[in-house]
């Protein structure tokens, strides 16, 4: 039903469609393996979101997993331990092992951070199994929605390591309840949709995956109907303020808007507000 | 019923009264225009809160809007686009437009930040329409209470711009649920009192505006009955810690208290605790 | 029932036992005075947690108060005002008073911060009266659990001072609802277990103290069954990310894991995951 | 010889003239008292620099002291101890003394910081006695030049206090040699022009005051001949980068220039570069 | 004389050779245009340094310009204004111009920052004309050496803009004398090798370009003879400490070395110290 | 000639005397081994400076090495590799090695940082061999003086590791010339007193050790004659400002002085200034 989105057909591990004007839908496409990730996949994912970031035809992104069973079961541990990120092979020297591991981790982190760096809002829809890397990726999204059947876990301690692709860096910043954050990160226990809602990890729970995708798309369509100058500035400033003092953030905002107020979007938005018409905004 | 507060009669756009000893009540006084703001108003508001900040007769502030329909409908967009902050006129050079816009925004931000900088706790009572600038102002208050009929919206994207007077700088710091913060800021959708309570934007919802003002006043009276040295130090340190590391905050607190423990308030407070009497604290 | 833990018998004010392998239980042991603290006690507490931090036989800590009436009623104000921290005696010179007060406060803060610096996760169980210093200490714990009868208060303004041992530095960082944080800190009002749960100060409420201790111990046992390399890294990185930008936190995480991935725990954890056996991890 | 500058005649303690187009010269005008400062003077100075900051007729500022004997001998200690900043009178309560002192110091600091916040470059010319507050003010200037006879001292420890108006906050950031910074701040010893040059406190020493003023004016004229968009952006970004990470500074710079590149100054500057003519830039 | 370095022959705008084991020499290769840069060149430069960063055959890098007349005359302004970075064409909407400009600047900055991010020490040799972008690039290098004939200028204000590729972000951090930094950045005046040495912009001046290259190569050979684990860790930690508090830097250093002390380089280095032999270190 | 200082006789590795009232002289006392350090020594040094920090009889500290040949040759590498800090023995698991190494390094860093944390100014006198740990310690001192024969080296890369006890964290903050900092840290080359002076690592060079000690003592006597409230506040604020923004530093300074201006030292200092007498200040 969704239209294809021009320029994304060469990607192998992700389905990219356009369910509505200015809205992109990215699906992790390895359902037979519960959308588990290996190195090629995350490198490609970084490229997908970098492309969406500058694509003038995209103003909001929905991100989900293909298939019914899982958003993602996280890292494909088998692949990772066979010559992958968990086994920088061929050295017995601790410092050289560490150097290669560090480079691997940076590259991996960069691919995932591309979701956060994407200039357009990203709405992630979690469903089914959503563990490990699934949490790292969700923390990079702007808005988190899930279906009732989602089974979440910050799973990394169960494979003997501290999560290093972003969950531990972002979760304490996007959720207020640190007692809960520590509890789920230290115990690797599962939690369900209701618990995720009550602590504010997701802002909405829908009956099932289909409804969740619908809700996300509706929200994406709403956001995409607004001025892209306003929307993208809002995302940028919210992310900036998360990590800077109020004084620094106010200053950055003023400098940002000193350029961005020079926009035809203001008069277009105001006029359509008065005339009760749908505004059209120039591409960005 | 409220007594007048000495020294505030010259203000034009705000009603300032004293419902109880050491408590001030500030009302935005343009109900016929839903308490919408134009430049003169916010400049005056900055002066009101600067004066309250150092006024020894004030130990807690209640802040609300006059009239039944709105706490505030935000910026008076019509005024703003006619020679106001949204139209720094008389230049076609982008860099010169930007320079004037930046100076305008700084001045506007400073006026609103005066609420946060006020040394005395500020309890804001939201009611009716509370959008745009209403949110910017509320984020500067220490405590947020609202009536059941409040209709909130971070409205700025609907007029084609990213909010630049403080909402985007403060909201992610005062609410834990970032998925929700992003949702309401990016979509400009309305939310009601119950939603505001559930995500922690307000800490209490009352039946109607009258009851909300009552509750805020009762809380203000309680706070005003405590040692002003203790109360104002608590506000200062909480705001400082919001933006500094725990180590820096602990150090700042120790230096702060090394002066403030030299206070007659300690013995007064302890004595009244033992004697079950109401303590009297020297003016501050 | 609990076994003793080797090496902790010389402590006077705290009971330290081991309810399960790799789990320590620390009890404040002054129940006849509602577990109120005087200087000797907090200095000793700093030593207890410093020792637990490096003890290879400990992988998780439960922290509670002895007796049924109180986790802790906070500072023993009587002791403090008789030659204690609230009365740095023997000087009328303000700057010299301040210098001694500052040194006192730093020493006190350091003792309490030892809970946070402990490399092993600390689960605090609050019960009964839990005010003043009880809140400072709880904020340093990783996970907060309480019994239904807990009566909380950030009590310091009632004795005429701004809390300076950590509550004001940590509370705004571990709870999302700042309106509520300000309300309870500025008013010193009591709040109960349900309110504590709803704002996310605790992540679980149990029927009574016995059940709360049981729940905490069960959770501690679960955490202690995981790789200590993974668990302690997770605590460290979560605390680091709370106060650093995402970019800095990601970098720190990568450097941390470049060393910590060189662990036999990974293969042990993965193997036991496949074989469905309980892994054994080398001491740390 | 200097022309007067429109709009500055009402200032009492400062002479403001215009030695060349777009250049302002501010002189501290209390030579009979070695240009020592009392409260009225620094409040006025704050206003002078705030006005220069937005004055489109000013693109560079020279700042010096009237008379031959002193740039400034600093705080008028006699005035300060008679009801001034060093004696917040009328209280014996340490915490209330501290509160008033703090407010005094903030106000004083703000007046001096106006030199730094002035959007136009400020070149200070030091000469003769230049101690205490003279150093605080100089540290706020962008460029420091002096005459051979200048006698400098960070004098505050000699009156029993740590300098609190800015020297200790800025000196370690504008000079690389911290061993020297500590030496002069802790000992209050005098240093001369050659020493100031060798450690980089001043970037030039001239034969006498007349020549130093000439050199400063020549440099101001040169700077004033450049694009004000380029010059003021350069000052802003250099000050920003002094206190932010390289990554934050690069980001801020890009956002700044995204607005400021939309300037007719670029083509004007380039054209005049090619044609070897003097460019004219629109007012800013 | 220099050997070629495997894997770098496909680069078009840079000559990359190996004057000694483990030493790479990168030369900007557009001498006929004074090594001025256009977009293709800086993108390629980013790739060159990214490759050197991970190349196990490289332990130190010398960076210079081909030809006798210039290290680099900076941005090729003609190219930049014809469809290049200074003219994001095809839009009259200020906010859209700004968006494209911002993306351009980020990409440009990233290419230059690759010099700083290169894990191996980079020694830049400045000679002849070295202005604009030449300064941006030099600030990214670890060590700056120049020949007597070098003519430096932070030239950007002369073309009507604030330097935005890194000079203003880095210069105040690598030189102590801020009065001088402001002077040269605000005036765009030229300065020579002696002045550069006296303010610490370069740490050595050689008679001519040949001697400067020799000196740089000798230093690179010396550095390349040391343990690469020690050298690369030293660069990383020095860059980290430049922008973090001492406490954070000490912590980062400890975590870094907890991995890097697990190196055969320690015993190799110590043994060769005792035996007075030249140590051999494993590739990194 | 120097008097003994009460309370320091139990220290084994350091000679502590009092050459003048309120001045302490600390000498590293292992001249037969060039004052090289093993673990017991640095732990004791931490205790020495912690004690001096709060000792009311000490207002300034001179720090040097006993004997003529060396201030210190740094870490006793032989001791360190035989069961010391460089060989956390008894584990082949990389993550467990790392954990022990990290704890070792923190403890070592803390001992050295005690010099910086000492509330009294510390003047270090370098002489003869001054390498490795000698530089780490000197960077913690406030003022650095040396004799002509000093031979400096940041020696760590020569033993295969990045310096991790503080040199790399502090050197870029106390010296402006980063090109030189990188050069000496990456090459481990020696530099002499004149070079140290020219880059600002030391602020004075004296003919020989005796003269250097004399000069340091004279400076210490001068500093000790000033108000200890003023001197210790100056040290504290300078160290704070080194790592905080100007705005944060100004705020911290105001809060600090709000307590410290309540000092009898102000009137004592002013009076003695008028009467030309030597002031006496109460102990601190």
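Letters A, B, C, D, E and F mark the chains in the order given here, with residues in each chain numbered from 1 onward.
In the analysis below, a residue touches a chain if its C-beta (ideal position, glycine included) is under 8 Å from a C-beta of that chain, and two chains touch if they have at least 3 such contacts.
On a predicted model such as this, the values are computed, not experimentally measured, just so you know.
Visitor: Using the touch definition from the top, list the chains contacting both chain C and chain D.
Guide: A, B, E, F
Visitor: What is the minimum number of touch steps required to go from chain B to chain C?
Guide: So the least number of steps between the two chains is 1.
Visitor: Roughly how far is chain A from chain C, going centre to centre by Cα mean, in whole Å?
Guide: About 33 Å separates the centre of chain A from that of chain C.
Visitor: Hey, how far is the Cα centre of chain C from the one of chain E, in Å?
Guide: Chain centroid spacing, chain C to chain E, equals 47 Å.
Visitor: Give me the residues of chain A that touch two or more other chains.
Guide: Within chain A, residues 94, 97-99, 173, 175-177, 200, 229, 242, 255-256, 258-263, 265 contact more than one other chain.
Visitor: If each chain is a node and each touching pair an edge, is that a line, ring, star, complete or other?
Guide: If you draw each chain as a dot and join those that touch, every dot ends up joined to every other.
Visitor: Which residues, counting only chain A, touch chain B once they are in their complex?
Guide: Checking each residue of chain A against chain B gives 121, 142-144, 173-177, 200-203, 219, 222-223, 226-227, 229-231, 233-238, 241-242, 245-246, 249-251, 253-263, 265-270, 273, 281.
Visitor: Please give the residue numbers of chain B that touch chain F in the complex, ascending.
Guide: That would be residues 244, 248, 252, 255-256, 258-259, 262 of chain B.
Visitor: Chain F touches which residues of chain D in the complex?
Guide: 77, 81, 86, 94, 97-99, 101-102, 105-106, 109, 113, 116, 156-164, 166, 168-173, 175-183, 185-189, 199-200, 242-243
Visitor: Looking at the complex, which residues from chain F come into contact with chain C?
Guide: 54, 93-96, 98-99, 103, 229, 232, 259-265, 282-284
Visitor: In their complex, what parts of chain E are in touch with chain B?
Guide: By the definition above, chain E touches chain B via 94, 97, 247.
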